[in-house]
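Below is one structure, written out as structure tokens; comments come after it.
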């Protein structure tokens, strides 16, 4: 069953359409988690519950049909939102509205609506279903992203650029290695997503206090294996994992989602942060993919802002905090918590769509990333060779002694920074050096492209993992 | 000018109507911060900017009128939300749409739309305006709440109940003292709100990088005091404080709001948490105000859930984390941050409406709180007098020695807990006690109502503050 | 090699000994993560680096011996702490001190100290080693905890007690089911711990910017497979996983630890929170294990505070926030971050010891938990049968109609709560009921012990999982 | 009284000396909040309590002297830390140890130790005292910082540099304006600190459940104004504000500290983040103050890492999360919370020393900041004039039309970025421009130093505030 999208929206009530959320507005995840989707999915769970009970002979098939039809016709969203205040959750009102809609069709069927159910069975199952759907979309975008990053790693495996640590040029790396690092992190994210998919997000079914007593009372106790027979059947019907126990106040699935979404947001955020750094005016080693009007400023015509990476970074700054609300919901007392559960819904939804938006945006970013190897080489050379001072230490230490070698190189790079000349020139001019190294050797040692370490071998390690993961 | 509410909503786009947010859905704050409100307020700021420039002779009056009319006719919300992705903020699209609407009315006026402005000038000023409006509503609800709590403190100043520490009965208190403690915290919250109102939330006006150069270029440089003359005029027009400097990446006002909203949420949450504890089935010292259908369970007819306190607790669990996103936005680099600013909007909005909803709900809760002094007395007596063991130590220590006295009382209370008899009876029967205290004294000492310490004097201290604050 | 514990402590410098951290002070994890342990472990990593290079022929065996001896003799902790300010990390000073100590023994060996290494290689590897060690201790305590909880679940599988939702009695459960819920959550925690152990925490080795160039320069480039040969050898030597790539700014392992530690803290916190609720004076269904002096109050001799659960809850309130710092460290720019990395150390350490302390404490709590089935039964009966109103609805709905049945039962329970009589008595007296149900049936229906749903079957599901996990 | 520093440290217990915390190790705040300081301050509070009671005639003067002497002789820190596990707080053990020490001196005095007190009275009062002391140090460092920033703002008021928004050059600013923005934020921080100092951090005094009943029992009830007379006397003796009510579970002071410390950390972090951005190798507009060895790399001799700003950023990344634990402690149930209170101590201490360290470090950074105006000018010119495209739009719009003008300038800047020539040259060569502007005008318009807007006037606004604040 696919409940219809014709949900009524009372446009006089305040609504959010994503005006303040460019990080996800207009991306595929947004539609999967909006209020309309949440309402549809809760109705879907109510239908699944009736179907599961029907499969076990506890509910007549005709009632299921009536419930399906009523669910498909939609309910008044804003009205339900307003009524949720009475019971602190939207399900009580939804059940009443659904039962009324069913009764209007077929009075006898109404009593089978939500039969034996508790609000949390419906809302939690719907939340898990929605999470599964968003994660599928996210994983596809992560796959696209990984593909693009693997291509970047391969293409630029040997393109040198400055490695930067604590904001300063350190030693040379290649852009391929940087892309391989991003790729590896995305593969980490996909592995964690796959692991959670493998565990499976569970259906929720427990009744009022997790004993299934209401389901038992409505005939479930007479099932061959007792009312717990209902668990796998409902889980299958709703398309989720059969839980060991009801988890009304054992919020492992929510904590798992929090951790996963935080991880993905962090991985994407790392990439975007690096892109922003490399796109800075003075660095200019990469640029975001051009698109008509994108990144334009209303006042400054020369501006092309790194909009995509900004959207990803914005998501990555928010998700860990929303996810903390979710993690803290593990501190849920008794058989149903008076506040912790209710605090999950908005941050869970926001995490899902922020991560969905970020993955979509990151894929677009990587697919069109403009790389400027020439600029990388230019920046690499800007220090006149000081970027390979580490190597020179290693070479000079055996002949000059380690401490004197370091002191010499530190002094020369400070003089170069102060404007006394190019580092390489000062080095060649230094008598201590001239005594022990011939000029050709110095020139060779000063070449950043000859001090790339294992950059390419490391690219290969990441690509090997990528190829294996893509099988 | 009050821009009209006739904002077009594209109902095919996903929208949120508060289905997952009973903590604020249907409360007054919700309407003040929805996307429609945000859009209207941004238009209001654009109008204020034109008016301010007009007052200084930089924009013709006719253009202002055209801009006012266009702003009042509203814009396509969902369309703007979708377009925000292009520039990572909703203002660029808003300005284009507004300019088009103005041009349709009066072509020459269009160039005066957003003249010299930058997106952040508009969005930040709108955010501050919205915050001011929500805080006014919140303060009124806090005032109502304080009034109710003062009445509770006065009425129940002498009604004894168990004081509880680390989950256990400690020594007696009065319910009036508990209410006075809640009241004092609410007065703390109002003081902090008043202090922020006194500082004043600032208008934002800086142009592209905070130098006002664009405003200067459009004639502002020629003003008598230079373009900074525009600052106080715009601030007055928009109804906000004149800032010392543009604060594009100096986010003091946002951090201040974060702190204030966290404080209020915490104060309300403390009250709600206590109500929940006192409403537990076994305690039953207070009950939430009855309302038809409120707190009902779909399956358990005996249930009256403490819905109002649950809504408040839920808000109080979320706000500190959203507010942390805001506090972290102080780490904003350069003249405009590439992500930190964008991360503020959703959590700021959510904090505002959660606190707005919580204050409204808490006022309703306090106004109708049902107090059961009889039950308090019954619970107080349940330990058979062990609740005043602290007092007995003080009395017996001088005669028995401090350590032996404590050991005796600990032993007797453990025996009572193990079912050997009432604590008072065991005490009277203990030969060490009988030797030094006559039975009448023991009975008097065992009376919890005679061991209330300074409860009433402390109630007076809080009420005195309340009376002073209410002047 | 086991570096000695004889680290010098300058007692004039301020030190922390756990005075403000009863949640971990005195538990096994504390010793594994203190400054002394961190220092020892960093020295251990330096030794492992020398050994790994020696195994590949890059460092002479005699140098390794000298480094081992110097490392075993310890370094001045407070001095290193003070010097860390110069370079923003403790490794630079440690390397200098270690090299000096080695030189004092055997001058030629000093140049092989930290050869090719970068600070982050040492500190990250040490952090992972420490995490591995703490997790081993945590897992053992979780195992003990699971064993105790399985016993509780089995022993009390049929002991009825009130199920509580939103602070109110809902329907009956058994204490065995509650313990089974705790057990299942602990098994979830162990699974997640086992999964991370299976992935393996990685060694860190990358050199200045993650290219291994320095290691290559010191001979590594000449290895058969190039300098990347060093990765698996070092990883084996230090006892960690061989990483695909250096992860200086790809903080997956740190994010994984943050997620795992948050999960465990939440699972333990849930159990402790429930214990606190059940131990409340008015509920008194469980008590913490007695121990001389534990939980005593300095002034109130009757008090036995639930100290163990308080310690666990305290940890569970802190860990998610410290872990958020760790999760946010994924936003690490370039090849080494200027602040994000440095922000990890303290919160990682604190998370590790808080979780270590909490697991240890929870095991002690569960092993000695005192359960009072009589009190559970008494509380269950306190509502006079209203706790089974859900069941009565199911029975009466077919004869009275669902809505009238619910209304009747809601009215009767409200009357009972208002003091009009016992719920059961009112029920039997109600003419609508008397007409359709004979008194004996009513009495049977009112028995909470006959409305336990699938409590026992659910206990079996959890125990089955436990048995499988324990194999 | 100043309790001695001769606290015994058991060096076999694990201790922290700041090895992982270069952000505060070795700064003045560190010593004020270590375990030794905490222990001393709790003893100081015990002494103040005895003195206050003595002033009211409730405790004999000779007992006070004995308590002072015992407090001054110190206690075993590690032993107390270990014993804190028994009662979940360090005060119970401290009181026992102190009483024993007093008894050893003068047996009769021991009963006056902690007379009527509860653990939370001591620990909370000590925490507030420590906070007051750290804030005094912080404020002095903020004052130093403001002075340096005011000098920088004045000195560089007219030194132009690129304004940067979303990582890209936007329009010119002056370095003086940037420093003025930092200054203004520091003044905001000082204002908030001064406001909290004006409110005053309160003493804690309530007895077991906040009724002062124990203090009343020990004679306080007979005081002229009743036992509440003790409140102002104790507050004066301990040097804190007289609270309206005991605040055992009304955590306003803790929430206030959390907000203040977060604000200061954020303000300092913003400055440090900007310094890091300006110090990047490619930008190089500022450098950190040189100091022998500081910022050096163990392997890369050319490196001078921005260590001071990194230490500040590190603090700013941690504080908001620790402070969130504190804010969440407002959710404290009953008369004393079973976990929330205990969760405050470590994060409060860590926030205090991180902010103390950051303020100290930021002052050192600003005092020695090396500014390179030449490099700023060079970077400003790097875009060949495109940085003033906003101005050119304003000039060309009236003649070419706004949209065509913007399109032209966007095209030219894109061509310049693509290497087709300098932006200024392309502009002068554009026929549309040549038609309407003479070459000299174009050259003048292209000069970034003539498009600084109100930079200097804004500097004056901030300096005026600074001068007023410094009076």
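Letters A, B, C and D mark the chains as written, and numbering starts fresh at 1 in each.
Everything below uses one rule, namely that a contact is a pair of C-beta atoms (placed from the backbone, for glycine too) under 8 Å apart; a residue touches a chain by one contact, two chains touch by 3 or more.
Predicted, not measured: the structure shown is a model, and the values here were computed from it.
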Legend entry - Identified repeat of the B-D interface (over half of residue pairs identical), from A-D, A-B or A-C: A-C
Inset, instruction - By the contact definition above, name the pair with the higher C-beta contact count: C-D or B-C. - result: C-D
Legend entry - Whole-Å gap between the CA centroids of chain B and chain C: 32
Inset, instruction - Would you kindly tell me how far, in whole Å, the mean C-alpha position of chain C lies from that of chain A? - result: 24
Inset, instruction - Pull out every residue in chain C that's touching 2 or more other chains. - result: 88, 164-167, 170-171, 207-208, 214, 276-277, 296-297, 299-300, 305-307, 310, 313, 316-317, 321, 324, 328, 338, 390
Inset, instruction - Select the category (line, ring, star, complete, other) that matches the graph of chains linked by touching. - result: complete
Legend entry - Contacting residues of chain A [partner chain D, same complex]: 162, 164-171, 276-277, 279-283, 296-297, 299-307, 310, 379, 382-383, 386-387, 389-390, 392-393, 405-410, 413-414, 423
Legend entry - Touch list for chain C against partner chain D, complex: 9-11, 13-23, 25-27, 30-31, 33-39, 77-78, 80-82, 84-92, 95-96, 114, 116-119, 207-208, 214, 272, 276, 291, 293-300, 305-307, 309-311, 313-314, 316-318, 321-322, 324-325, 328-329, 338-340, 342-343, 345-347, 349-350
Inset, instruction - Spell out the residues on chain D that touch chain B in their complex, using ranges where they run on. - result: 88, 111, 163-167, 170-173, 177, 180-181, 184-185, 188, 195, 207-218, 221, 225-228, 244-246, 248-252, 255-256, 258-259, 262-263, 266-267, 269-270, 273-274, 277, 313, 316-317, 320-321, 323-324, 327-328, 330-338, 390-391, 394-395, 397, 402, 451-455, 457-458, 461-462, 465
